[in-house]
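Heads up, there are several structures right after this.
Here chain A shows up in two complexes: once beside chain B, once beside chain C.
Presenting the complex of A and B:
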């Protein structure tokens, strides 16, 4: 920008050194360009859905090394790998751990590389790898091992050939540890207010909110700066929206809609809880983590969140920490709740599919359950989890009942479109801030859905 | 092109000529490491981004050529217009306010040299040294429900104004802007302080003899003579405002609703979350061109007239 004094570079003749320098620069440039094999790296094996090689449930006996990529910051993945290796000493693991944010951003490129990891933790967005044929189609192994009766939540990692529809098509992995949501409460305050827990219906829960509010307490602790209001909303969807409609929408089935009476009831409930002051009017300025921290410090009476919050709540409230599964519309209804899991999938380029599949099967075994539980997750084999007292005991009971009722339903923001998480946060902030009506709220969500699925 | 440069009228002695030639080329060699790094990590990625903007690409599968389709989408996007407006508002907080503050401070200090100038400079410059992510986290606490701002409001009896500022549809953008002012003011102040040291003290004395007061001095001497520094400050801060991302991402993430969404946030969401790398690249190219244009205008306007 600033005008430099012009100096003629070579007034006389050709400078040898200039040419040498330029060719040097050119060579360096060429190397760089050649370094990335193509300017737009992408996989061309579109539409390939065949399983790699013959399917066998026999664990190979010759030495095998499997690379594992994950973003699991608990002890679960490492514990499961160690336990599997103890059982099959010929299998060695090379684990590549990456922090969650970086993992989310880089895993699709990592899986598209020439030598990708054999096993990877599945994250939302990785279904884009399905049309490229980069994930191992696990249908064969699922049949051979009988995974459908060993794992809950398999539909969340089942994709159509174009990767856009979840819940139909082929299976691409299994869940290791699962998470599910429910209602935490402060036992001391509940006793003081004379509340009889657990609430058996949503109406009962709301009546407790009213009682708490009248006594000057904050009934439900929520933080929506980063969209944490989605936890109560997802739970209310589990209660009021028919599971088939919920899954059709969350899994991106064509023609699905969230503009349904059940979803309207859920949104109206959220809106009413805000208007009546059951949720703080500052909800949009509090982060989800800060809300958990405040509840653990003794603020408020109830908090709707997942089992990942149990450690913090238990540490903060001690014996006063209570938990019950999400109450339903009626007292005799089956449990429906929202949950997700740490899923493992396998690269289509792996040379040891049988060993990788054996590890996936091991994840759902009774041997794995205590390790998964120790890391704070719910194990696929719920009845093999060690029994516990206190808060964790209540969580375990809730989980076993959820698996028994097959009541685990997907978070709507994880599966439906790549942008749904941001859209839901935006829409919930508008709903809670009184800037959007229930109709506008549902329309915002549906617009995002239609934009992605009509392409 | 270089070969047709006019030959010198009288040829210098051979030895001198050779030496001079060597000196010219050794100059380029000194430049080479920086030039190479700059080319590798700035020029080539930028060109690559421009190239990607002509494709529909999700980042994984094979891209398909889109022509100017992504650019048409950029222009038609209503969310982008809102983002541009927010970036425009941020210019007020990132450029106008810090420069005004910086000028006033510089003028006060310039009128009478005080001791401890180095300390003042260091303190004022501190926010500039902190990583923006740390700044964002600190201000999240300051703006929180029980944060410093609300505690102060309650202490002075304005408790009914207390609220979670970053969650307010009316105040979130202003709140983010104030953080920007806090960060950038130090830079402007230091720039202007060093500028005032260049101004001859006799000019101030002369004006005082002529009966000029502090305001007159400020408008007639300090501001005109700091013109080059103001231009630099304006360029830097406007770039910071238009390309802002980290501060917004950490404090509000674009919320509540879309009240603090800026172009940087949209690019990030499209490329890393939305699987629309081509569209994100097109948006990035447009943003870069806009910034170039604005900076060009600033440089033109601030150039001293002969």
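Presenting the complex of A and C:
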């Protein structure tokens, strides 16, 4: 594995409202894909170890058209496609962009069509395509191109043949842009309240919350209508839960448990923040997106979120927008934080696997890094990212420190079970609403895990 | 009538008017805010940013999406109205063998959510090579609209005076000409209402085009709204502008057929 940090697939941001439907579709899709792929005409029943054609790192020189399906609303995917085409003019891309929520609902069926897109953005739930042999097994290309030393976070898109366990088995894609979480703060208010940032420990951060609360400010802006409380919770798990335990659970290793002292501390911290009024009492009625908007408009003092929120926060708060990496349990602890990424995978039915693989390789190159950075993501090749000032400069510093400490950990809801996003949202809403105790909260999460992994 | 009683009706009407207009006003005001502004509620506009409509149109490619929607509606509405009329006529006026069972089966379709059927439908259409086409989508919508249409037209024909049909029979009219020359000319409100309802449903159909058509450029207008909903951020002003673009044809059709529509709805109520 690479010396760089591990990253999970994609956090739940917004759009939780359609999750119930989505997981239903994903589950139904999985069953049907697995059940029908050998029966339905037009579907190739390639085994999960097969890859289309002989592996070659030579980019084809004859004209090739690749269809690319994605849900990336930043400039990254388009920028990477344009840059690749400029380098290899014989490769034409037909990009099919779909909004995030809609993409999640439709992509599994799209990939099972007779002529699916050649390259697709990998989103949670697509591991269900692995047992049906619908995703290209990229092991051969990974060896040929030496991807293990070029990309961080490859274990996030490595799956067992049944698609249920992450981190072991075969590789199915690479990350284009990575993201990670930290603490945003309102510099003007922090100065007025006399807060010395950055907070070095969670205790220090909590003391600042208390000070802000006493001064009549809302300390931490959170929206949990669609489960946004998962951002502080995931971060606190990064702080308090041992990385090995965290990974085993987040990757769905059999026998893993979240009913552990570290996770207890994380959940108790969330509960305490709500009880003490550091998080607003109507948190379950505010969407994650609205919370970012409110913070960007000057409400509250702190907000725990990912680098994807930087553009909105920077636009709203201007020079008053500040950022620091997540404080740890002790001041001398290494950085542990939670992150995700935009991954690209290839259809097993593609006619030009070599060209698709060449694009995947290009994504991790130094040429790609400035384009990825410009779109607000962290590039796989971190040292090739251009330096920046202000809020984005703080983020870049945070990213480099995180990479140095190998501190990036997966979101617990992305790969543990297909229904964990819903379960976590529900459980967090109960915890924040005072309907569940910390024990009940952890038991809810564990019950979902056990149900899926004991089948 | 006492003063409070006289004021009751206007008060209730005002209440409903406000309930309808405030959200719409918020949509209107959001659509003219600077694109990309984070919004948290009803806000006074910061200037008039009408360019949102232009950028929303070109970014999400509404030209093609609206054309798609239009083609599907033109295929679906007349066909569904025709089939629903024929089925409703047969079930209301003729002794169809097993008619009650057929009707019961159709009613079951009313209770079945589209979400349940969409995945099997996808595999059925894929086997026929009809995924990713507008024909496939139109066929599915015609079928999906049958239960309500048959129910609607059957109850309409059942409420027509039986004497009318008997008189036509005595004069030697076939069942075909009874329908076309006697019943339908008296059914304009019911048929128009059904047509308008079908158009609105067809236009607003979201999940079916999303799942059955893979190429985003060939999907219908509501699918274009997802364009402004990212993984973490929603561009609310552009989304609001796009929403207004998408609902404009529906509002126009509704306003045009408004009188027929209301008459159609009331007809059923009075004749019970």
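The definition used in the following text is that the second predicted complex is superposed on the first by the 409 of 455 C-alpha atoms of A that agree within 3 Å, B and C clash if a C-alpha of one lies under 4 Å from a C-alpha of the other, contacts with A are read in each partner's own complex, and residues count from 1 in each chain.
One rule holds in what follows: contacts are C-beta pairs under 8 Å (C-beta built on N, C-alpha and C of every residue); 3 or more make two chains touch, one makes a residue touch a chain.
Remember, predicted model here, so these are calculated numbers, not experimental data.
Engineer: Just chain B (first), just chain C (second), both, or neither: which does A:309 touch?
Structural biologist: second
Engineer: First (chain B), second (chain C), both or neither: which does A:290 touch?
Structural biologist: In the superposition, A:290 touches chain B and chain C alike.
Engineer: Thinking of the overlay built on chain A, is A:348 touched by chain B (first), by chain C (second), by both, or by neither?
Structural biologist: neither
Engineer: Per the contact definition in the header, classify A:109: touching chain B only (first), chain C only (second), both, or neither.
Structural biologist: Both: A:109 reaches chain B and chain C.
Engineer: Classify the contacts of A:183 with the two partner chains as first (chain B alone), second (chain C alone), both, or neither.
Structural biologist: After superposition on chain A, A:183 lies in contact with neither partner.
Engineer: Between chain B and chain C, whom does A:435 touch in the aligned arrangement: first, second, both, or neither?
Structural biologist: Only chain B; A:435 stays clear of chain C.
Engineer: Thinking of the overlay built on chain A, is A:236 touched by chain B (first), by chain C (second), by both, or by neither?
Structural biologist: neither
Engineer: Between chain B (first) and chain C (second), which does A:98 come into contact with in this model arrangement: first, second, both, or neither?
Structural biologist: After superposition on chain A, A:98 lies in contact with chain C alone.
Engineer: Is A:317 contacted by the first partner chain B, the second partner chain C, both or neither?
Structural biologist: It touches nothing on chain B or chain C.
Engineer: Touching chain B and also chain C: which chain A residues?
Structural biologist: Correct list for chain A: 10, 14-15, 21, 24-25, 28-29, 32, 40, 42, 105, 109, 112, 290.
Engineer: Chain C touches which residues of chain A in the complex?
Structural biologist: Listed in rising order, the residues of chain A that touch chain C are 10, 13-15, 21, 24-25, 28-29, 32, 36, 40-42, 69, 71-74, 96-103, 105-106, 109-110, 112-114, 116-117, 288-290, 292-294, 296-297, 306, 308-309, 311-312, 315-316.
Engineer: Touching residues of chain C toward chain A in the complex: what are they?
Structural biologist: Residue positions touching the partner: 36, 38-40, 115, 118-120, 122-123, 126-127, 129, 131-132, 207, 210-211, 214-217, 223, 225-234.
Engineer: Touching residues of chain B toward chain A in the complex: what are they?
Structural biologist: 2-3, 5-8, 17, 21-22, 24-25, 28-29, 32, 35-36, 39-40, 44, 48, 51-52, 55, 57-63, 140, 143-145, 163-169, 252-258, 269, 272-275, 295, 299
Engineer: Inside the complex, what are the residues of chain A that reach chain B?
Structural biologist: Of all residues in chain A, those touching chain B are 1, 7-12, 14-15, 17-18, 21, 24-25, 28-29, 32, 39-40, 42-44, 46, 104-105, 108-109, 112, 125, 128-129, 131-132, 134, 224-226, 280-287, 290, 418-419, 421-422, 425-426, 429-430, 433, 435-436.
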